[in-house]
Amino acid sequence: MKDKTKKIQICTNCVMDSTDPTIVFDEKGVCDYCINYFSNILPNWHTDERGRSSIMKVVERIKSEGINKEYDCIIGISGGLDSSFLAHVAVKDFGLRPLFFHVDAGWNSDISTSNIQKLIDGLGVDLYTEVVNWDEMKDLQRAFIKSQVPDIDTPQDLVFFSSLYNYAAKNGHKYIITGGNFSTECVREPLAWGAYYQTDMVYVNDIHKKFGERKLVTFPRCDIFKYKILYRLFYGIRVVKPLDSIPFLKKEAEKLLNDLYGWQGYQHKHHESRFTRFYESFWLPKKFGFDKRKNHLSSLILTGQADRAEVLDRISRLELPEEELMLEFDYVAKKLDFANDELWSYFNAPNKTFRDYKNNYKLIQLGTKFLQLLGLEKRAFK
Amino acid sequence: MIGIIDYGVGNINAFINILKQIGVPYKKVSNESELVNVQKLILPGVGHFDYAMKRFQDSGMIDKINKMVLQQNTPVLGVCVGMQMMANNSDEGILPGLGWINAEVKKFDSTQLIGNEPLPLPHMGWNDITLEKFSPILTGLENNSHFYFLHSFYFVCHEDSDRIASANYGSNFTCVANHKNVFGVQFHPEKSHNYGIKLLKNFSELC
Amino acid sequence: MLKPRIIASLLIKDGGLVKTINFKEPRYLGDPMNAVRIFNEKEVDELSVFDISATVKGNGPNFKMIENFASECRMPLCYGGGIKSVAEAQQIFSLGVEKIAISSSAIYNPTLITELSNKVGAQSVVVVLDFKKNFLGGYNIYTHNGTKSVNKNPFEFIKGLQLLGAGEIVLNNIDRDGMMNGYDFSLVEKVRNVATLPMTVIGGAGNMADIGKLIKQFGIIGSAAASIFVYKGKLKGVLINYPSSEEKTMLLKEYLKF
């Protein structure tokens, strides 16, 4: 469990802190995430005419290449803010003809399914759903919980990523439009906070081998090398992130989506998946002492969308009331076939990290450094 | 602590799930000794009136519960056949009811017409309720509330003052009744989504 | 005023949520428990869950699964699949289920209907009949997922159901299952002519207007559907959906002149 006795240093500019073991502070107490933002991200991030003209060039290319196809691009849709706003922009602003791609990993909420439906009705777009075999999903999620690593959302992350890229490659969708953005994500989740690479299949397979109880036959997998090399170089798949080229502000985007489509917001990022909501609101902070709200909200502080004092106050408490979290605990246990006390025993067992299992960390780091040198990766990966 | 009377009839788990959800302390009560520390009672009930009355009699709790309700003024909520049991008697059966509310239970007249069709029985589905007088268990449910009904017999209060709300099926009938500490609802609050949850919450908050 | 019930109907096969077409080619749709939870959050009028592997495999009901579903439902739940005895039915009721549905048991062992009805009340006993049109234009009842034809006059059998103590009858149209091309009104009319017990129809709903038309024609009737509540759009993308209470009110206003 979290070591409560260690003193934690908090960045004086955002709210990232030393629960990230690799964080570095300058003499003013400003963290390297902020410094990276000001030095590397901000100078190259244009949401004015420069950004617009650069993205419209890409949009025109997508349209012309897709002119005889039923869909000119594909968008992964979760019901969350980023992909929802992206969908609106892609259709209404850019005039693209996307296919909506949704992955059902078994943890959709009422709001997320409603939001997807409203976007489909409002934008007149077709939907393809990849349904992950629940027994296999459950098995991998159980394995990750038993392994004691903080990355218990890796199965979902892996499946969301892999399904989309595998489907795009298989069906000739060259352009994947994603909602990744600096506005709400310029401060990346530290590796230690359960954000180890979901596409490190050596890691995933080792955990499954040690704690899984059934074979993963249909489970979508796309390892990081397949993605970065095979799909990008050979299939020519291009990932486009329009939300960095146009103004994208959280509150305004939520209001627009609500006004136009009746879209409903969530209490916090990623809450469209019931499991992620539970994981980030309870399991990760209470078992490991890591709180992903810090990097989400630090991104908003840096981009002028949140007030640091208010954020500090918010993160001093759990995101959801204790009673609600306990009901969610019961639901997660029931859904994953754990007896209640069994799941508690995993919660209370000693923590581990990805380093306790086989992994390709060094190789991936090498590859990332290479991409950074080529200017293809701007955020700080640690 | 709310005691849910478990005499082998009715959806106990459904009540438990809701009370758990709204954070109200509860316990299942299946024998007399478990009635300690119970400040309120829920009497569920489905099925045939005589079958339910017999099972309640056989549970061994009826004397103690009668005392709690009639002498100690323990608030009690009867649901569906649980409500019907609180009357003096029912057309459905031959056994006497508990007599906690001066009322009787009659069968819907299936010769009535609804549209052009004879009234199908049971009355099954979601129906609106109309308040006739204020009751604390209906706080926040005054307008546009609807509940799930599943019954062929209905409650008839002999005292006007006991009638709280009515519903319409063929004709109007009493669906919520209250006499002092005794409350009865003909519908199923444990299966009426947020309307039912609100009603059970109101009941739990009665002083 | 009593509102016609709009029921979401879920099929389970080997523990997974599936959807069939004409009772064949079950397509896997994921975890049924999450679907139940979402339908509950969408305040569905009523939910039916049928386990199509329970009877065929002879396994009997999966009580743990049923208990899990029941714990997520703040609305009536009907379970069917593999129920052969009063004891099994009572165990299912004790788990928090309002109604139990029997199909082949009702046909081959009709005294079960009476036994159940006497114990738990007719309102909790549902008889599900699967129908296919025959080459003469009439209808036959089938069991075992549409594979075994029953040598009985369906409408004579239905006439007797009310006397046996059934509280509700579900007309399941195999020909229209998964086709999303509208309900078969002629079957409903034929059954209405012989029985007055509450009826629910399933098979063929392609959109909410189909439900509206059924309600308009038959008044108090249960409209059950699966495809329209689990699929979205021409590619049949899996997405749990159900009309909001405003949408239902508008539907009833339009078709019933509420």
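A, B and C label the chains in the order they appear, each numbered from 1.
Here is the rule we go by: a contact is a pair of C-beta atoms (placed from the backbone, for glycine too) under 8 Å apart; a residue touches a chain by one contact, two chains touch by 3 or more.
Keep in mind it's a predicted model, so treat the numbers as computed, not measured.
Averaging the CA coordinates per chain and comparing them to the mean over all protein CA atoms picks out C as nearest. Between B-C and A-C, more C-beta contact pairs are found at B-C.
With centres taken as mean Cα positions, chain B sits 49 Å from chain A. Computed centre separation for the pair chain B/chain C is 28 angstrom, with centres defined by C-alpha atoms. If you average the CA atoms of chain A and of chain C, the two centres end up 39 Å from each other. Across the assembly, chain B contributes no residue that touches 2 or more other chains.
Within chain C, contacts with two or more other chains are made by residues 71. Across the complex, chain C is touched by residues 11-14, 17-18, 46-48, 51, 110, 114-115, 117-118, 120-128, 146, 148-152, 168-169, 188, 190-194, 196-197 of chain B. If you check the complex, the residues on chain C that touch chain A are 15-16, 28-31, 33-34, 37-38, 41-42, 68, 71, 232-235, 237-241.
Residues 100, 102, 104, 106-110, 113-114, 116-117, 120, 126-129, 131-135, 137-138, 274, 331, 334-335 of chain A are the ones that touch chain C when the two sit in their complex. Listed in rising order, the residues of chain C touching chain B in the complex are 1-5, 40, 43, 45-46, 67, 70-71, 73-76, 93-96, 98, 118-124, 167-168, 196-198, 219-220, 222.
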